[in-house]
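What follows are several structures.
Below are two complexes that have subunit A in common, paired first with subunit B and then with subunit C.
Up next is the complex of A and B:
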């Protein structure tokens, strides 16, 4: 019997927080994401200037204390414009994933739980949606409905429904084998109740992870579509449109191009880190893509 | 019939309904436009007379099923109609523009594989610091919007250093060197993000294999480390790499559309975008049809490759 017992001090608050969020990088991701959401929500109060205020005296001015990201071809403050545009992009990204989840999660739940014919009937049409490359499908939908930020939101949501449905279906198929599901059924709980109260909460992990990944994609898709002129239309501000406009003054005033792009990159980075952290916590078996 | 052959046939047959469903969607596109598509297309020239003439010319006054069947018949004869504005036959337009998109997509994927696989091997086998650096590279590449990277590359190579042209195109057949000079920035733009995914996949698969007892056994037997890495570990990465390539092909095609617009390359993607802005629906339809068909066929090829690489998958599916 050993007498020299090793004493370890209780884990520090930071270590505990790191473990809860799935790793140090994920914690950074969460904090960053929180900050970004806060900035997006508070844009009207944080922005130092009116994003539309034309100031001919400051055309293509470099970044300085009053204008953190410099000024564009019309003398408008790039920092304020990025804030407002970022708000739109983030709203579209979050909105599209929420909409996709509202439709896709129930479909995946029912398909995975019922199986058989119901499963095939529900998933087949969704698989057809996956037969087109995502951006192409979005572009085709915009060709039909017409450009705009809302169309981008709907188009992205449509693309994501089959992905989320598949992920939920996969984890539901695993969860429904669990003993506590059988126990609930044996107790006489109604099927619908079993689905909603027992299976669903335990299956959403991978979907949550997939959701953060999809949000990252959504921001990029929205930017790409707006860049092509198919997304948010003036006067709605958009990072993609800023990136397109910035090309005209690329060599004279690179900051007009650099900062909107950085805004996108940082957001996607935050979402990726959060997604990886969630993956480590909720889905070590890798059911999400 | 051997299970492998059954898998091939199965997969080929499965492609037909997908192609049909896609063609139905593309066919319906013009008819789903809210309002009257012909009026939208004609714009200010939309007198009642013109609208009626165009509608008949496009066959839009026929019953829906007849329209679809005659459209399908046209597809079989490779007749897709004409560009609404320029009256150029669409098959001709596509035959000019498709090679550009194909060159861009294939060379980008090729470059991505050429960079990503060796980088993945290095990341899996060298020090921890290399591993961390490669993770940083992967995360950064995935986060940056690819067209923004393209613009930055233009700033660097065309603006500051004046090494390469910022836009333009020469067909390969005319002048291979000029063609590559124009294509290298677009290809690089797309290849970086793809290389990141391939790096991550290669590295992950190899790290997993290198940790197995089998590898320890090989080392104990004195097999050289080099052979272990390249012959055994890398082979295990083949299937995941093919998977990732298959998944990323769609992303790559989408990216190609944006990159074509960015670098003013005369490809199908740019044709679609211009078509939308001009309300030139026949062109948009033809372009979407072409890219979607390409995507479905490429997926078929990767699935068949899959079956060839790992016969277990072929058996499980059949």
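Up next is the complex of A and C:
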């Protein structure tokens, strides 16, 4: 009887977890992302080798037990380098979205809530930013402040501010029409509180989803800029730099190229799944559950 | 904050004089409310009836001061003897939710889905009273209990979607009563609910009125609700008041042809299938209303005078009507009554 009870309660836990995270794939996404964040944070302890240690005896060595992902043109351990590079990429991704949200969300909130001239004054300059191609903007910024992981973070944030501001503004414009906003005013809640306490929490959903998607893009932007030599500077390992290095030895030692590429793909996949799950979770039609 | 407005000795809570609301929509000017005068005393329930789009809700929002900047308001709204137009924005906020509060039509959407229901009551208290969060919480629970929410303390943090429609409207009523208002405006408070819940909520409103002695302005299109709950009625048509009277007077002897038609249009249980009475014609376009009486195009008693607007005049104590054909306010009107009796719209 007890076994029957446990087997019956086990799937109900899983169902509850699935529901809370917004579906099976999203659960996979959350677990994957959690694992990736754990790996990124624990890189110094997990990495079996020094990512910058050059070993002439192991140039382009194939994967084996000591070197899971093989070694690159300078004999450095690809597994350790992927771990460290991933750490940089994920920090840039998360940091850029947080920085962009800190600036973009308040702008979008005020623009959408106040409307009219305030809206125009806040959003027009951002539209200008939006009109420029993202990578071009990033390259221009790097030309001004110089290359480096931090610059990439700021550049990605700059690209994301107008995107997040637009998303928030749009949902604020819908939310502020809701009867409960008028009702809050009718209860004598001050305008600022109405905006921050009632409009904002009901408007951040889309921005949250957009944020996870943008994190995925940030990984790609960081890789692209590093690939071009504009991101993290050697010897700091970076997924983009590794891709660039691996390209030269693609035919002889494909593992140098494949594993950093896989790391990017898996991270973007995890973020997309999480974004999807959040969207399903925050869908107003799912509210009555 | 209570010092801002105190109940005067006369008991007059709301005094609306010649209130008009115009909206400028692109090049059009829509006059949603024109020339509405209305008073409510403490402890009184006054119903405003009229069909959809006649300006009832706009009137309520104008009194609350919740219409946006696109609305042009004329006339005077006095609450507890103070002209609300003379208050600053912050003073108006202090009045809202404190001296006067409002219940909205749809309880499903007038509570914030991201907030616990009790928090919304507590927030209303804290917007007007200097109390600690714990005190506000305790008071909110007390209020929720007083409007009939069982286990209010455990319900406190529930989001609105965990409650039924009737329970949600009770929460809405609790937020409206949170600071013991002098005036409660209820905009179709029971329309979105089914009939048994409707009856419960209406008796809740009546009980709260009896207990607190507040004035209620009840906006509805349902004459049955008016008959059950109200002391006086104001009938609104196309943004204007056409008749004001006690409930007795309106149901026993309606004077305005629109009121008469409205009462005749009420379905009753004995009515044969397919024999619903309707009022012919349509509500006039408020961006281009008829120059005189706005009901004239649909009126069976239409006459030449109807080309100029009729005034709301007292026909007998407590009963006023705005109609050229009314024999008490326009003596001699009966003699010139149109013999055809056909609505002008039908003749044209």
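One rule holds for everything that comes next: the second predicted complex is superposed on the first by the 271 of 289 C-alpha atoms of A that agree within 3 Å, B and C clash if a C-alpha of one lies under 4 Å from a C-alpha of the other, contacts with A are read in each partner's own complex, and residues count from 1 in each chain.
Everything that follows uses one rule, which is that a residue touches a chain if its C-beta (ideal position, glycine included) is under 8 Å from a C-beta of that chain, and two chains touch if they have at least 3 such contacts.
Quick caveat: nothing in here was measured; it's all calculated off a predicted structure.
Trainee: Look at where subunit B and subunit C land on subunit A after superposing the complexes, then choose clash or fit.
Mentor: fit
Trainee: May I ask you to decide whether A:142 touches subunit B, subunit C, both, or neither, giving the answer as first, second, both or neither?
Mentor: First partner only, subunit B.
Trainee: Is the number of subunit A residues in contact higher for subunit B or for subunit C?
Mentor: Subunit A has more residues touched by B than by the other partner.
Trainee: Identify the partner contact of A:36: answer first if only subunit B is touched, second if only subunit C is, both if each is, neither if none is.
Mentor: neither
Trainee: Between the C-alpha centres of subunit B and subunit C, what angle is opened at the C-alpha centre of subunit A, expressed to the nearest 10°?
Mentor: The vertex angle at subunit A equals 100 degrees.
Trainee: Once the structures are superposed on A, label A:55 by its partner contacts, choosing first (subunit B), second (subunit C), both or neither.
Mentor: After superposition on chain A, A:55 lies in contact with neither partner.
Trainee: Would you check which partner chain A:227 touches, where first means subunit B only, second means subunit C only, and both and neither mean what they say?
Mentor: first
Trainee: Looking at A:185, would you say it contacts subunit B, subunit C, both, or neither? Reply first, second, both or neither.
Mentor: second
Trainee: Which partner does A:68 reach: the first (subunit B), the second (subunit C), both, or neither?
Mentor: neither
Trainee: After superposition on the shared chain, which partner residues are touched by A:198: those of subunit B (first), subunit C (second), both, or neither?
Mentor: Second partner only.
Trainee: Please work out how little space separates the C-alpha atoms of subunit B and subunit C at their nearest point after superposition, in whole Å.
Mentor: Shortest inter-chain C-alpha distance (subunit B to subunit C): 13 Å.
Trainee: Mind listing the subunit A positions that touch subunit B in their complex?
Mentor: Interface residues on the subunit A side: 128, 131-136, 139-140, 142-147, 216, 220, 223-224, 227-230, 243, 246-247, 250-251, 254, 257-258, 260-261, 264-266, 268-269, 272-273, 289.
Trainee: Any idea which subunit B residues touch subunit A in the complex?
Mentor: Subunit B reaches subunit A through residues 18, 21-22, 25-26, 29, 32-34, 139-140, 142-145, 147-148, 151-152, 154-155, 159-160, 247, 249-251, 253-255, 257-258, 261-262, 272-273, 275-277, 281, 284, 288, 291-292, 295-296.
Trainee: Spell out the residues on subunit A that touch subunit C in their complex, using ranges where they run on.
Mentor: Per the touch definition, subunit A meets subunit C at residues 178-180, 182-191, 193, 197-198, 201-202, 287-288.
Trainee: Note which residues of subunit C are touching subunit A in the complex, please.
Mentor: Counting only subunit C, the residues touching subunit A are 64, 66, 93-98, 101-102, 104-106, 109-115, 120, 123-124, 127-128, 161, 172, 175-176, 178-179.
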